[in-house]
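This structure is in structure tokens; I'll ask about it shortly.
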Amino acid sequence: MGITIEVEGLTKRFGETTAVDAVAFAMGEHEFFSLVGPSGCGKTTTLRCVAGLETADEGRIGIKGTVVYASGEGVDVPTHHRAIGMVFQNYAVWPHMSVFQNIAYPLKLTGASRSEQRQRVGRVLEMLGMEDLGDRKPSQLSGGQQQRVALGRALVGEPDVLLLDEPLSNLDAKLREHMRVELKRIQRETGIPILYVTHDQLEALSMSDRIAVMEGGRIHQVAAPHEIYERPATKFVLDFIGSVNYLPCELLDTGSDTIEVRVEGGGLLTLPRPDHVPEGREMLLAVRPEDMTLGRAASGSDLRATVELRSFLGNLCEYRVRHGGLELRVQTEKDELVAEGADVVVSVRRGFLLDRGSAEDPLARVS
Amino acid sequence: MTTLRRVDSRVVFLVLITLFVLVVVVYPLVQVLIRSILVDGRLSFVNYEAVFGRPRNYVALWNSVWVSLAATVLATIIGTLAAFVVQRTDVPFKPLLRFLLILPFAIPPLFAAMGWVQLAGPVGILSKAYQGLFGVTGVPWSIYGAGGIIFVLGITKYPFVFITVAGALQRMDASLEEAARTTGAGTGRIMRDITLPLVRPAILGGALLAFVSSIDNFGIPAVLGLRVQFQVLTTRIYEALTIPDLPLATAMSMLLVVLAGVAIWALGKFEGRRGEHAIIGGKSIRPHIIRLGPARPWVTLALGSTVALIVVLPLLALVVTSLQPYYGAPLTLENITPRNYEAVLGSSAAQRGIRNSLLLAPAAATILVIVTALLAYLNVKARMPGTKLLDAIGMVPFALPGSVIGIGMILAWSNPPVGPTLYGTLWILLVAYLMRYMAYGLRACRASLMQIHDSLEEAAATSGANRIRTLRDVTLPLMRPGMIAAWVLIFMSAFNELTVSVLIWSARNETIGVWIFVMQDSGFAGRASALAVSILPIILIMFVITQWLSAERVAI
Amino acid sequence: MRIECIVRRLMVVCIATVVLAGFGSVLAQPSGSLSFYTSMQVDVVEDIITAFEAAHPGVTVELLYSGSVELEQRIYAERDAGQIRADVIWAANPAFFLKLKDEGLLMAYESPEAHAVPAGLKDEDHMFIAGRVFNMGIGYNTSMVSEAEAPKSWAELLEWGSRAAMASPLHSGTSFTALGAFVQNDDILGWEWFEQARENGMQVLRGTGDVTRGLTSGEFPVIKGIDYVLANQAAEGAPVAFLFPEEGAVTVASPLAIPAGAANVAAAQAFIDYIISQEGQEFMATKFFIPVRTDVDPPAGLPTADQIVSLEVDYDALAAEDAELRERFSELF
């Protein structure tokens, strides 16, 4: 598999703060690769360094085998010589040009003939479903249409890689969902590698081939979406991707196949033995809402709780249940309805065990 | 190596612009400064002691400040309201209103003051009408004194605010308003909470121009203040020049520079962080036009009568004067004569004046728009070191009274150490206009650049455009409305510039302003008015062309 | 200092003589362009230029008009910058010419026409010569004030309080001369007159033009006015008239001079010759100026130069006290 973008030891400081701290990753040939994290995590700065819009302080960036930035060798290829296409959060569609002129601009710069421009812009417009809108001014378009123009402009020159900076965050929910599918479809059709920046984990999970979760200028984990979800490497990743309940508990017994924990406020749980057992006794048991079930009784659990709220979500049902001082969020199949106010026993299918004292340790997967 | 080359082209521009600022602004300024601190070849502050040694000067200083502030408030209210109504509501006759609203630029302030004396002075047309209507002698107002000065300054300086605010409203990202509308906020609330804060930089920018141009105005306080012994700094400077005490005059001018400096600095503080200015995002949404509904005729009437009062009436006074055989002749049919027009348009000097002004004003406007757009770009976008300072220096001449600029020009260009002797040629007028109006270009270009979001330029870079192409294809076209506004401002101001030109023109190098003034000064108010009226069509044509140019491609 | 001054004057005279001798042969036919600075009314000047150019087809006159104060500012600024760029200056304030003469900035020229001009109207060293005479007296609006009601003296003018107006000496050259004349005649007028005027509320306007407009429009029934200006207005139909005050008018002999180092001396001299020639002065009379020649009749209704009752003016003293007078006036008003 060829490598599209290779980033090594990338560091960027703004005054005192280090926005990007020794970031490294490599993107595959047709990969949809996302940088995801909360705002200020350094994802956008990383993307802008790849684009050449920011100059990094240290590190090395290669695009399709060409080094475009290397701090040690003084290499810094200007943005317009990097074979990239980019889509900005606020679209950055030029208001003084028509849709056609916007999209044709990269071609015009390469000196493509007018007929070639017409042909290639026509293809892009068709792909975007905007065949009839070529003569419109951006001010006559909806937000989603403008975003598609921006995408078309980034695609038309067939760049080595497409850089997308939170492209969907300004769209309304419905349109965002639609564009997610659209983007993925376009990526599959063109095979163009995409480096995608978003703070929306759902966006990242649904579209990406692989995801890099960032925080504080550093990458916590790079993996495929299901892997990130199923096997988060750190507590931060666990927290940031999907939702999770934390049950403070005490590790009582470690058997060969199972372990036993006592949840704060009473209630013993017997769980499969994790891949490794953290040292110490004060633990946190992290469980995703869908990994719990509610029943009258359950083997291996006497964790009792009361159903306080039930929300019907269509495909499933979400409960808020109370166990002493703990409020848990539980999602179950819709055919196992439990009434509000009912006393239930909560059983845990799988989760992650971590030492309450040292949150930085790798997570122990219980399943 | 690539890094080096990238910086190069901008450094070349920076060097060229620095040279321009040095030659056009710094060199004459230094000449003026030297006069104020060099006494008999030695450094001395006696002139400044003379300025501060007299209570009269403190009074004049204080008068300058408070009168200009009051006039600025008036100008800001008129300019902002007019811009909102014309730009964002469905009032009828918009192009006509727009034209009339910037017309005061076409009339030298001195004439505005005289027009108002003619309208509202002791024997003015309005005063006589009032007396006739109420059967009284005297009127409950006086055009002479602080009140009259504030009024006339306010209604001649408001176009500064109008033009900048209207421009900002035109370029504003309406989605921000849309967002507020979805929260159920009413139109008034949106204007107050969203739109007003967004165009605040433009309002402040326009207000600053109005303030500084009020504080350096001479014609209006000279006509309306001197009579009642109401002195401001510029009239004191004029007196010092007539004594003649050039060093004292230059020392007082330095006070004006300090005042203007404070105003510019204060504006910088107000403007705050750059991010607030990125009004043109990448999203383009047509601004929402407020339907006035049943209020439409009333708003139209209010705006119409305001325009009639502050724009049309003084112009009518000018027309009336131009048709009278002598100033103040009774308004009867027999007293209408084309004699003034025949005399003034038949004179070869006036013809040359029109020709010269038609050369000088567009030349000055074009050069300044190019230079200041580049400087603003290097300052706002490229953030090159030293450009902030150049920008500040470029603003200084704006605070100088015209007569001081004129004297600086004579001192600088009669016997320059290097280069041609510009004094006695048409070129010195061009250089003087470049100095005097640089600030107009700087403010307008800066404001319009600050409103262009960085991502629009970055999108060009990622499309493969180098810096020059980006500038040509994206930045410049987006700056165009702002640049055109600056061009119009400079053109109109330079077209009948008076104070500086009167000091530095030479035979065969007359300008329109000079000739109007000469006529006025030598007693021919009728001919002066006739000439002023005759150039209105030229200004009308320029206006139509620029309107068409700015509307043609940018359909924001 | 005195000696320095004399030396300087001598030098100028020597240079002038050398220049004159050198160009003597060329003097016969002046040509080229003539730079002419004046504060006189433009329409008068334009007509004179037309007539002069007809008489000397080789010369083009380049006219630079400016209000008297601006003209003085310009000439001082040019002096500071090294060279006055005029070939001929014709302005209203004789004291200004005395100052220029004192600084050695003028060139002597004795015109062949000068014999017809009385000694009082020309400089003894031939540095300048009057080209026209006019008076400042009392102007009144005839539709508001009858001849009988009009003030007959400067003292009576004060009684009109704020309904009377005058031009600021800080702007108008003639008004400055009037200020000097009043102050120097302090037995009858003096600073007291101005102090009283201030007390009574007399209006001080910027320039002569403003005062005249105030009179024609009826804002002021009476003013300190200038004879030829009002006569021209009256000819246009304005209801104005002029009278000579009892104490004496301020009579201004408006000087013509050639700056030292002028570029086109021959043309400058031809120009002065033309102005004070019989033909030139007859033309001036049509514009309501009193001729400087004894052999040309004054305009109808006006006295000849030697018949006018004038306030005595010591221009040397006026030139010396120039700055103080302006200062004190600006303190007063």
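Read from first to last, the chains carry the letters A, B and C; within each, the first residue is number 1.
The rule is simple: a residue touches a chain if its C-beta (ideal position, glycine included) is under 8 Å from a C-beta of that chain, and two chains touch if they have at least 3 such contacts.
Because the structure is predicted, anything quoted here is derived from the model rather than measured.
Arrangement of the chains shown, judged by which pairs touch: a linear chain-to-chain path with two open ends. Each chain gets a centre from the mean of its Cα atoms; the one farthest from the centre of chain C is A.
Of all chains displayed, B has the C-alpha centre closest to the centre of the whole protein C-alpha set.
One finds 89 Å separating the Cα centroids of chain A and chain C.
With centres defined as mean CA coordinates, chain B is found 53 Å away from chain A.
Between the CA-based centres of chain B and chain C the separation comes to 37 Å, rounded to the whole angstrom.
Contacts with at least two other chains are made by no residue of chain A.
Contact residues of chain B toward chain C in the complex are 56, 118, 121-123, 222-223, 226-227, 229, 238-239, 241-246, 325-329, 343, 347, 349, 403, 407, 410-411, 414-415, 423-424, 502-503, 505-508, 518-525. Listed in rising order, the residues of chain B touching chain A in the complex are 1-3, 6, 175, 280-286, 453, 455-456, 458-466, 469, 473-474, 477-478, 480, 553-556.
Chain contact summary for the complex, chain C toward chain B: residues 35-36, 40-43, 46, 62-67, 69-70, 72-74, 76-78, 80-83, 85, 168, 170-171, 203-210, 212-213, 216-219, 229, 232-233, 236-238, 322-323, 326-327, 330-331, 333. Chain A contributes residues 51-53, 74-82, 84-86, 88-96, 105-106, 109-110, 137-141, 143, 146, 150, 153-154, 157, 163, 170 to its touches with chain B in the complex.
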